[in-house]
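Scrolling down, you'll hit the structures one after another.
Look for chain A in each of the two complexes below; its partner is chain B in the first and chain C in the second.
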Partner chain A sequence: MKTQEIFDQFVQLIKKYVKDVQKLETATMETKIIDDLKVNSARLVDIIINSEDAFDIEIDDDDADQIRTIGDVVNVIEHKLRVTAS
Partner chain B sequence: MKNRVVITGMGVVSPNAVGLDNFEKALRCGKSGIRFISELEDLKFSCRIGGVPKNFDGIAKDYFGAEEQSGLSDNIAYASVAAIDAWQDAGLVQAADNGHPDWDSGTIFGCGICGMETIAAKVVPTVNAGKVRRLGSRIVEQVMGSGVSAHIAGIIGLGNQVTSNSSACSTGTEAIIDAALRIRAGLAKRMIAGGSEGASPYTWGGFDSMRVLSRKFNDQPDKGSRPMSASACGFVPGAGAGALVLEDIETALARNSRIYAEIIGVMVNCGGQRDGGSMTAPNPGGVVRCIRGAINDAGITGDEIDAINGHLTATFADPGEVKNWSAALERGPESFPYINSTKSMTGHCLGAAGAIETVAAVLELFRGFVHPSINCEDIHPEIKPFADRVVRTCLDYPEMKTMAKASFGFGDVNSCLILRKYEQ
Partner chain C sequence: MNAKAKFFLHLQYFLGRITIIVTAPALLCVVKLFGYRIRNLKEFRRKVSGMMSAHKGPWLICANHLTMIDSVVLAYAMFPVYRYIWSFKLLAWNLPEKMNFNANKFVGALCYLTKCIPVIRGGDREKVKSSLEKCAYLLKKGQSLMIFPEGTRSRDGRVDTVNFPYGVGRLVRNIPKCRVMCIYLRGDGQKTYSNFPRYGETFSAVVEECRPTTQLKGLKAQRDCAGQIVNHLSQMEKNHFRICGK
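Then we have the complex of A and B:
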């Protein structure tokens, strides 16, 4: 799966947690999930669970703790998919 | 000098109607909200009927976004809808998301067996399966004792006291009393008071096992809730929420709001599980003291009570309750006030009961009618002397001025409100 595909799928996935959906239209890998998109910080837990389900992977707690930007999540997902594939 | 407390807004999610107008129509025509619940049959309950608000998911879509609704238990969703409706009915607006809270307004909003459906359906199976991390972020807010009041405060932007009470089947009435006392004391100008309860076999199972639920009318659900009837055989479990905006009269008058009624007397107490009282049965002396306490607080006499909205659940306790009212008011069958039971139509909504029934009582007082108590055509032998005062067809009563509402709960707890029609 290409990075852009993961990015697009993840943006769709977090849409329901984002108060100002318009901000998602200009989102990049550097967009901060809590600070820029104003997602309730407690919802990060649900976003990770949803990502695990959507990509059929497991994101461990230490990786989850490092997540700040969309790029952080996309990179974790990409890494997990690569490990799974190999 | 205590501040006077008036009711300026109401909202209701009841088994027989959602919304004030629908509720009033349902009350007037004696519409039952009780229906057969196949899940209870599948689970081998003795009682297979219940009072559950109809088409609620569709209604809730108008109040919550999809993501927000997905994280709400029925209990919290019922309470939130009732509270939003009450706030709007009072002509008030919610604080903007990016604005400041309303420091003068708060809520006391309780439930009886809070969060049980979430605990039973999500928490226990998920944790037992070793998948605790999959519970997500929205479980605690649903199962915490103050989940209901916390959600209401967040939606409306309340900045005064925000808490949830719990006193079994007395919860809803107690919440109204506690909120009224806060306004009286000058600690808040406005409070949303109420109670709610979710619909769940896990909530109702313990009652079924105690054999206190109606089990002889599974094939006639609308006949199943029979307060004051000779053939009453237990209560029908129900769910829903009632909410009332209580307000300092000065504030209400200053903003020229409609006033439904004034709360002139309040009392809560406990029979101490002594003198015939127990965890599950009321001490008659405690009940009488509670009713008299509310009347004394109102500064009136028992003669001034025009009608009673009773607790009256359709268990063996109904005749005792009528006798207690009679003793407390010092009025025998010949001079007894009118009496009815909203539960005859809604079932027993547990923590929501007192709030839903107070909404009914206030509507009756404001509009000048007494709703029928259905399914008591065969009046209980011990209540027979009072039969003429049991309202069985809707009664126009525009001159009615004062109503009493009481609730009683497990733990031998009692609560009583005296409501008076507001006249300038």
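Then we have the complex of A and C:
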């Protein structure tokens, strides 16, 4: 799966949690999930769990704790998919 | 958690231990000054003591949250204040919002000496992680920790079973020896959340143990456990209103 495909799928997935939807339309890999998109910090875990289901992967605490930007999530998903495939 | 953070936690415990002779009566004064009463206090304390005798610790004390001084009222409700002087361990650690903790220097000092660890709510997971690491460390040492699983005061006056954080589930999953004590506390005049209970408030307090179990793994398990605790509190709330006939 290509990085852009993961990014697009994740942006769809995060939509219902984002308070500032306009910012999501111009989101990049550097967009901060809590600070820029105004996602409730408690709901970030729901987003990560939904990503686990959507991409059929498991994200552990340590990886989840590092997540700040959309790029962080995309990189974790990409890495997990690569590990699963190999 | 690094050695420096551990050292400062031990220092806080030590300073709290030697000043409890002042802070415990101060706690009692606050409760008496505002005329707060707990209904069936002896029975409530007997239950809490019984649970803590059966399991020495660690306990994760999970309560509903309606006012900014819930932890003060709960500390008074759980044990007579002289017991905190004899056994400082009985006083549970607390996690107040950093902004409230720093409201003024006197309150900040009092919070520090009565085992409060300030947390930044709504921060990123890295910041929350550092607070949770301290909590996990204390629980592993057999200390008790008081936490409000809803993460904030109940906005509509009822336990929020939808928008709650999962930090409590993370603690339960990471410290298997830790047991969960759910306490439901509500004043007769508390219709919704507020800064303080009204003057002369009479509270009802109920304590029950909750044993969250799950077959799930990772973050899903944390969410599941946190959900079970919050739902347990919500059930206690329903029972409270059923008994009150409201």
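Everything below uses one rule, namely that the second predicted complex is superposed on the first by the 86 of 86 C-alpha atoms of A that agree within 3 Å, B and C clash if a C-alpha of one lies under 4 Å from a C-alpha of the other, contacts with A are read in each partner's own complex, and residues count from 1 in each chain.
Convention: a residue touches a chain if its C-beta (ideal position, glycine included) is under 8 Å from a C-beta of that chain, and two chains touch if they have at least 3 such contacts.
Please read all numbers here as calculations on a predicted model, not as lab measurements.
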item: Contacts of A:Ile34 with chain B and chain C, given as first, second, both or neither; value: second
item: Contacts of A:Arg68 with chain B and chain C, given as first, second, both or neither; value: second
item: Partner chain(s) touched by A:Ile57 [first = chain B, second = chain C, both, neither]; value: neither
item: Which superposed partner A:Ile49 touches (first chain B, second chain C, both, neither); value: both
item: Partner chain in contact with A:Lys16 - chain B first, chain C second, else both or neither; value: first
item: Touch count on chain A, higher of chain B and chain C; value: C
item: Doubly contacted residues of chain A, that is, touched by chain B and again by chain C; value: 42-46, 49, 61
item: Residues of chain B that touch chain A when the two form their complex; value: 65-67, 133-134, 136-138
item: Chain C to chain A touching residues, read off their complex; value: 121-126, 128-129, 151, 163-166, 170, 217-220, 222-223
item: Touching residues on chain A, where the partner in the complex is chain B; value: 16-17, 42-46, 49, 61
item: Chain C contact footprint on chain A (complex, rising order); value: 34-35, 40-46, 48-49, 52, 58-61, 64-68
